[in-house]
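The structure under discussion appears below in the form of structure tokens.
Chains: A, B, C and D, in written order; residue numbering restarts at 1 for each.
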Amino acid sequence: MDRTHTVGFIGLGNMGQPMARNLLSAGFRLKIYNRTASKARELAGLGAIEVPGPADALDPDGIVITMVSDDAALNMVVEGTDGLYNSLGPGAIHLSMSTISPATSRRLAEHHQQLGAMYVACPVLGRPEAAVAKRLWMCLSGPAEAKQQVRPLLEAMGQGTCDFGEDPGAGNVAKLASNFLILSAIEALAEAFTFVRKNGLDRATLADFLTQTIFNCPIYQNYSRLLLAEDYEKVGFKLALAMKDLNLVRDAAESAQVPLPMAAILHERLLSSLARGRGDLDMVAMALAVSEEAGVQPAGRTD
Amino acid sequence: MDRTHTVGFIGLGNMGQPMARNLLSAGFRLKIYNRTASKARELAGLGAIEVPGPADALDPDGIVITMVSDDAALNMVVEGTDGLYNSLGPGAIHLSMSTISPATSRRLAEHHQQLGAMYVACPVLGRPEAAVAKRLWMCLSGPAEAKQQVRPLLEAMGQGTCDFGEDPGAGNVAKLASNFLILSAIEALAEAFTFVRKNGLDRATLADFLTQTIFNCPIYQNYSRLLLAEDYEKVGFKLALAMKDLNLVRDAAESAQVPLPMAAILHERLLSSLARGRGDLDMVAMALAVSEEAGVQPAGRTD
Amino acid sequence: MDRTHTVGFIGLGNMGQPMARNLLSAGFRLKIYNRTASKARELAGLGAIEVPGPADALDPDGIVITMVSDDAALNMVVEGTDGLYNSLGPGAIHLSMSTISPATSRRLAEHHQQLGAMYVACPVLGRPEAAVAKRLWMCLSGPAEAKQQVRPLLEAMGQGTCDFGEDPGAGNVAKLASNFLILSAIEALAEAFTFVRKNGLDRATLADFLTQTIFNCPIYQNYSRLLLAEDYEKVGFKLALAMKDLNLVRDAAESAQVPLPMAAILHERLLSSLARGRGDLDMVAMALAVSEEAGVQPAGRTD
Amino acid sequence: MDRTHTVGFIGLGNMGQPMARNLLSAGFRLKIYNRTASKARELAGLGAIEVPGPADALDPDGIVITMVSDDAALNMVVEGTDGLYNSLGPGAIHLSMSTISPATSRRLAEHHQQLGAMYVACPVLGRPEAAVAKRLWMCLSGPAEAKQQVRPLLEAMGQGTCDFGEDPGAGNVAKLASNFLILSAIEALAEAFTFVRKNGLDRATLADFLTQTIFNCPIYQNYSRLLLAEDYEKVGFKLALAMKDLNLVRDAAESAQVPLPMAAILHERLLSSLARGRGDLDMVAMALAVSEEAGVQPAGRTD
């Protein structure tokens, strides 16, 4: 890809904004669009060109990146009145990085193909701070040629990419599987911490021990820290969004007819948290219900 | 502790044997006992002294290590006719390394104390190959003075120790919490692999990706490998023993009144595996039921 | 309501057909419509008037009954090109008897009201044989005036009606709650039967005892009989449809933020049954998985 | 059996007392024993003979009834220092009516047989008010001859008996299966009531409807009433005892290798209730946690 080429970038939320900034830093020229225009200001100051609608972000044979909140938002961006389908032409590439269902990726890919364009799925693993630090991990899938062309863009946004093949939904499946494993680890840690706490042990001692030995990996290290901090008001990723992601997992599991008992546990846990008004807290606030079911009132709990 | 001092070692199974061998290599003198005497032969060839009963392994003010299969076996070793209570005297230390309930540790510690002796809990994390390689992790608890004295022994058997305080049951609680987290991770991985498989992805690609990035720790690396190998006949740790360990977790959780929904899932999973005659397979054979519930017949399955 | 008035009836499946027949027997005149016209033949022979589309079944200020398979089918009947919205006028009543979501009832009711028409929800409890025998139970809700007018129709089709108030979705909620309780009872019975069977007891003895004493009600009596018969090929209600109903329950529970752990169990059970290719068997075939997880191979099982 | 014969009765709690009274009313002569002697006073006033220990309640070839709180209490009554084994001789019959494990029944039956005595299991279904009203249902098993001899006694205490065969544990298995079904029904009702409540329906309307139609049986009628009353301080059967009974179910299920997912749900529910200090409330207080998980604060809740 020629770096002088201009790339479209749609969706400038907590994740999209730092990703777009990293592309600008790497020398890419960007046409940017966000539903709420104010979010585009800062990037415009760094040289990005604001455009009035999704369709305007894409040169007919260019590349456009979407990083929006859910399937409905993506459908609007692509199929809406001023959506990508107004400008998507032969040779164009749509690099779809949002966390959405594999079904949506497969459906869009098929329609793109009819227009001669290519759809590449590449959802990311990592919270906003990882996006800032260019430390995202990426789950890529789609046509080989298109994947080849978007490589320099991915390298400017993350620390590594895994190729899950040609199926446009595969990258999304891998992302959903990862999210499921992360949520399962959080629930297991929350249960284990409550178990040792009611047995009189210091949770931090256990956390230090395990995350330096058999569980010395980012997920267990980060979430142990967050769980012990019990600072649910400091929101990295909203609990309500974790429910959205889990429902994507469960829908994909239902389509493929795969019972996931642990996802069922997670669903009850998150739904109960929403019912108690915790949707806007950080997702680790799901641990509150683990404590409460054991009769433990967490320190500093305000509800 | 004087290294010329003789230490008793009771229980020479898959774990006890390599642990005792490492003590001999480190220069300790051992008096060894095993219910099935044949297992003691090899160590005798390396200089260990075979004794006819548990009580004979312990000098009245000495140190004795127990590494037996369960609570019942330990009770027999301690309270049986030729058990440790025949020789346990003031100043003696019982270093109890088996995976047993915190309740048993607490009960024995109290009785030991009445005799002037000290009880130290120190169950270990690691499979037999880790014991051979001196790579065990250890969960220590008990009286400070006794913990200090057994340090050189622990250093000769493992790669690190975490001190969970004075409560004689604390080391056991930490070990059980670790086992619970390991089993939860295996179940979550098995569900995730079945999920991506039925969605047409290659499981190994996902496993490689995750265990090099956000889950790059021994538990996820080892169990991903074992799950993908689907070689359940090669037994590192029997499924029936995993059930025994899980029941220790559940009993301790019930005593402390801590609901553990994930442990409930694990229990159903393992019980179903036992019901299908898989108790003698490796514990990762619990994944067979995950596949079966999704209508997937694993390659090479023979039942 | 004047019995000489003509009533529309849309949806002549296993349930709709006997319900319409009972209306004819009671002296009502019917205009009937079914997507697959062949199903209307028999009723035409009994005096019903076949019409070419849903809109034709309804006089502008008349009453029309819908008894279709799901939300999508009802939306098509109401909002489709030749749908009810072409003829629904002031004073008209739509008596909606399908098992659908409360959300769909509420949405349609609002739109009907804008047209001056009234929406009455009245889903039914009972299998096709109950419909034939006029033994359906009915969950009614909607505007008082409309409920009054449809009374004679309901009396011609069932043995009793419960009024759940004005909320157009209330009847659906009550129906879904009933379905949830029925499925829970089936799962509990299947587990109990497997429990006593593996303990060497005769299941029929337990079933006879319980259904003559503390559980002497139709649900426990009928489903005990069906579970013990193990004749899953004789289909009263397809397992795939039970899953559809359960998903209505779960969707409504998620909207209202109500965790239902038992519904989660039922979902895993039915999804596993679908994954094993049992969607076209009777819903009691969900018991097969209960047996299999306990290592019991049911007599006569063919897969 | 000669009604002039004297029968022993051991265990005069909430259940045993009215059962013994009904035997006296029917003309039986009783020798009674209770650990707490005060409870025997009232019956002594009605002609029963107080004896100092369990062994004294039994003529060597007579009949003795036990109705105690759990396995441990029964073991004490039978095997304790002044226990039944001091007087149990050839021809004697032990009618064991407590809710205990099948394993205990089988073990005692074997030992009784060695003494020439017979063991008959006959646990009962019904709360104390049913015992008073002679409306208990009974789950009988044991040797045919002994069952024949105890018939007149059973007829004096209950309204019906079901014979589960010769296996001395079978009656207990049937009783445990019944308890499991009752608890499952309560949990399902509690979830359904919360579901309709949060959807704006009146729970009592639903309860009236269902318990007059498809669920018109004592369990659904009684527990709907109790659940809606929300009067957990009026204790018919303590929540802590429901946990005891459920654990008997789960132990028997584990021995027979039968996964019971619904029992797992019930266990988490009851354990959470105990953790919140509700063990002394009526068992229907398990519904509090169902409400709380849905964010509903029950009226009049004080904790």
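Everything below uses one rule, namely that a residue touches a chain if its C-beta (ideal position, glycine included) is under 8 Å from a C-beta of that chain, and two chains touch if they have at least 3 such contacts.
This structure is a prediction, so every number in the text was calculated from the model and none was measured.
Annotation of chain B and chain D: jointly contacted by A, C, touch as defined at the top. Chain centre most remote from that of chain A: D (centre = mean of CA atoms). In this assembly, the C-alpha centroid of chain A lies 38 Å from the C-alpha centroid of chain B.
In terms of their C-alpha centroids, the spacing between chain A and chain D amounts to 54 Å.
Residues of chain C in contact with at least two other chains: 253, 257-261, 265, 268, 272, 275, 293-295.
Listed in rising order, the residues of chain D touching chain A in the complex are 268, 272, 275-277, 289, 292-295.
On the side of chain D, the complex with chain C involves touching residues 102, 125, 137, 139, 160, 162-165, 167, 169-170, 173-174, 176-178, 180-182, 184-185, 187-189, 191-192, 194-196, 198-202, 205-206, 208-210, 213-220, 249, 252-253, 256-263, 265, 268-269, 293-295. Here chain A touches chain C in the complex through residues 253-254, 257-261, 264-265, 267-268, 271-272, 274-275, going by the rule given at the top.
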